[in-house]
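Order of writing sets the labels: A, B, C and D. Residues in every chain begin at 1.
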């Protein structure tokens, strides 16, 4: 059983009628319903809650965390960000969605600005699988077309991903590395581009399939925690002149 | 002409007689002499100087920065660290040596703890080239043996390097990924393990050869700075129902 | 249920008394016993069989293939090698063990000479986990020590692995990239170094754990086969002057 | 001085009036003129010549080889292909252009089918730089637009490239990993997509800039050839019971 926590900033749903109409109970609730599965125990947390719903106990009991944020990145408490980063290092999986690219958390884990091009123009996005052997692409058609999405364009300022799974084509002429894996400490990270709040992207069954695959992929592998610090020799060391 | 700045914490040379006898003018001075070349304009900076010798003008006029620090990582000003990180993003090359793995700067750029195993036991290290085609390994024998060095052992908590150039064998039974490349923004980064302050490692001609190669490799490539932010479409976007 | 086929050249067991005493029924039989698990349906095949036991039907019914060969690489039929390569491209997982590095199959899949240093000297090998988050390292201690093994040393002439999971330390002073992942087509490949025929390596429970993990990791992910060849446009193409 | 050899199949220029009018002296001649530089000594070779113009002496005196082929891949002599592959392993750089993706040489070096989607429809291609720090992207704008090109689409059946430098957007709705680096032995390889024979692509100054950058990047680094085969221990090996 994978313990999945879906975290949402939950701001637009309170301030924008279009978003509210698409996601009346929040993006986190839509994802919770769409990802439901027998091997998942899913809970949610939002920025409004105390410690943003991510206190030490909650984090300790989370195997994989999904992160959606946009408008209020700066109001996320640095202490919470640091605690989440440490849990990733310990092995918690992390799925960063869409505008989460600019969250304090993602920027700290990447070590780069995570900046990009963007445009809101009701335009078509087509996500192409460029790594069909990857478990995150399992059961997904060779491309997923979203009739209306926000555009994100290169250069996306991230480290070269460990694995590139999706590349997006945009109607307006740009491309984007849309599905990228990273490892930090013992934690596996997947960045997935789609999901602008004014579109019903998180009801698309292929998009949900990708996110669900990513949750399974990012779940901790069960490796023993590495030993670090001062270390006694395993072999004799010659005394030297 | 590559403008190289060699930065040194310069603490051990003032507080430890052994270090002082090996590097009477500081590790930075030894590196400056050892790296001298017609295509390099070399200057130095130390932690004791104002803004640690790395003010905005100095950084703007640095193509590649070498970083050696150990004892006083915590006393490095956060504002300086942030300014250096930004310069790396803009394209400045960075060579992080030995105990610099635990500097604020390297940790911020990696997004990981950068922790490792270590031991001071006058033991033998042998660095093997595992990527003989890499320009950083040009003119270097297939292994470099250092009779006495500090041991650093795996697991080294870094992201998987973009390229792995050297792997170290240690007398006491450990291995270590000793020469690793990374990219952050437009900046190229090389981490190189050897160089404990109580050994004359930075007088070894093969070690100097590697560092010199890395300086040339890390120098900015001259790409135009990417454009980011809101972006007008390059192709017409259909109006949708 | 993963359908695993263990392939063995099965030559040394017939020609060398030491090997026969360690693996009386062949390396394949020892691996079959050691890897037994509820989620695996295991069969074996050897070079002596018709088409080396790997006819079209057998390959079509294999999800993951383990390959051990050494002395008679050259006598493996090119047509069989080509058929196995095609199955890897289609998604069959492949685990290449020890001296299989020099098989026709592995060389064809790598595109390199796959040459290396070697020595038989009853020497100690210690395999260090350098990627503790990888599922192939799950449940494995941070290092595995084999008291006697053949040495393989760098430079190992392979493409840079997609992921490096183990690095070996050898008593005689060498290192080796011992556990490497690659992808070819939709197939996942894991090369794992240990297993010289004159040592009881394939009875070591940690070595078996790694191989068993690799079998699960390499099993096909279930992605749809990509469409290739001439392709009709998905969007209108403007007529140009 | 880099000794560059430009190899061309030189078939379409003799059989197609459009191609002849664009490249009257052959694609190789256009590339030779477009790439001229003080640090390059450029010669050409074509498939019609004895041993396809690539005998042992010629290969020994080539630092970087550019390869353009399409229609007569199958008629390239296997012995020549093997000799070129060996020279790459020894350190010769290789730039494979456009339809060279399906050459015997490239397929042997990749270990995959190298298949892809394609379409000839006078459509627009836009190549985006996704790795602005890479020396192959130096001096190139953030995207290069070609008004008419053949389409190549994903999934491109190659191993994950060591570095991804360009991604193409196509008018008809596809994307493609257009600029990819690989290493095989000591040789550096760059695959670059554009250059269908019926378009004047190799007169475009940005395309020529990329190819010229790639030639400098792929030139041998000067590392000593690795020693392989049986190897005496560098450290004493304990006699074991």
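In this section, a contact is a pair of C-beta atoms (placed from the backbone, for glycine too) under 8 Å apart; a residue touches a chain by one contact, two chains touch by 3 or more.
Heads up on the chains, UniProt names are A, B, C, D = Trehalose utilization protein ThuA.
Quantities reported herein were computed from a predicted structural model and do not represent experimental measurements.
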**Request:** Show which chains lie in contact with subunit A and also with subunit B.
**Result:** C, D
**Item:** Chain labels contacting subunit C and also subunit D
**Value:** A, B
**Type of subunit A:subunit D copy interface by residue overlap (half), same or different** = same
**Request:** State, to the nearest whole Å, the distance from the C-alpha centre of subunit A to the C-alpha centre of subunit C.
**Result:** 32
**Fill in**
Chain centres from averaged Cα atoms put subunit B and subunit C apart, in whole Å, by 36
**Asked** Counting only residues that touch at least 2 other chains, which ones in subunit C make the list?
**Response** 126, 129, 131-132, 142, 153-155, 160, 162-163, 171, 173-174, 183, 185, 226-227, 234-235
**Prompt:** Given the complex with subunit C, which residues does subunit D contribute to the contact?
**Reply:** 85, 89, 108-113, 115-119, 121-124, 147-148, 151, 153-155, 157, 159-160, 162, 171-174, 182-185, 226-235, 237-240
**Prompt:** Which of the residues in subunit C end up touching subunit A in this complex?
**Reply:** 91, 126, 129, 131-135, 137-143, 145, 162-163, 171, 183, 185-188, 221-227, 234-235
**Prompt:** Any idea which subunit C residues touch subunit B in the complex?
**Reply:** 126, 128-132, 142, 153-156, 160, 163-164, 167-170, 173-175, 177
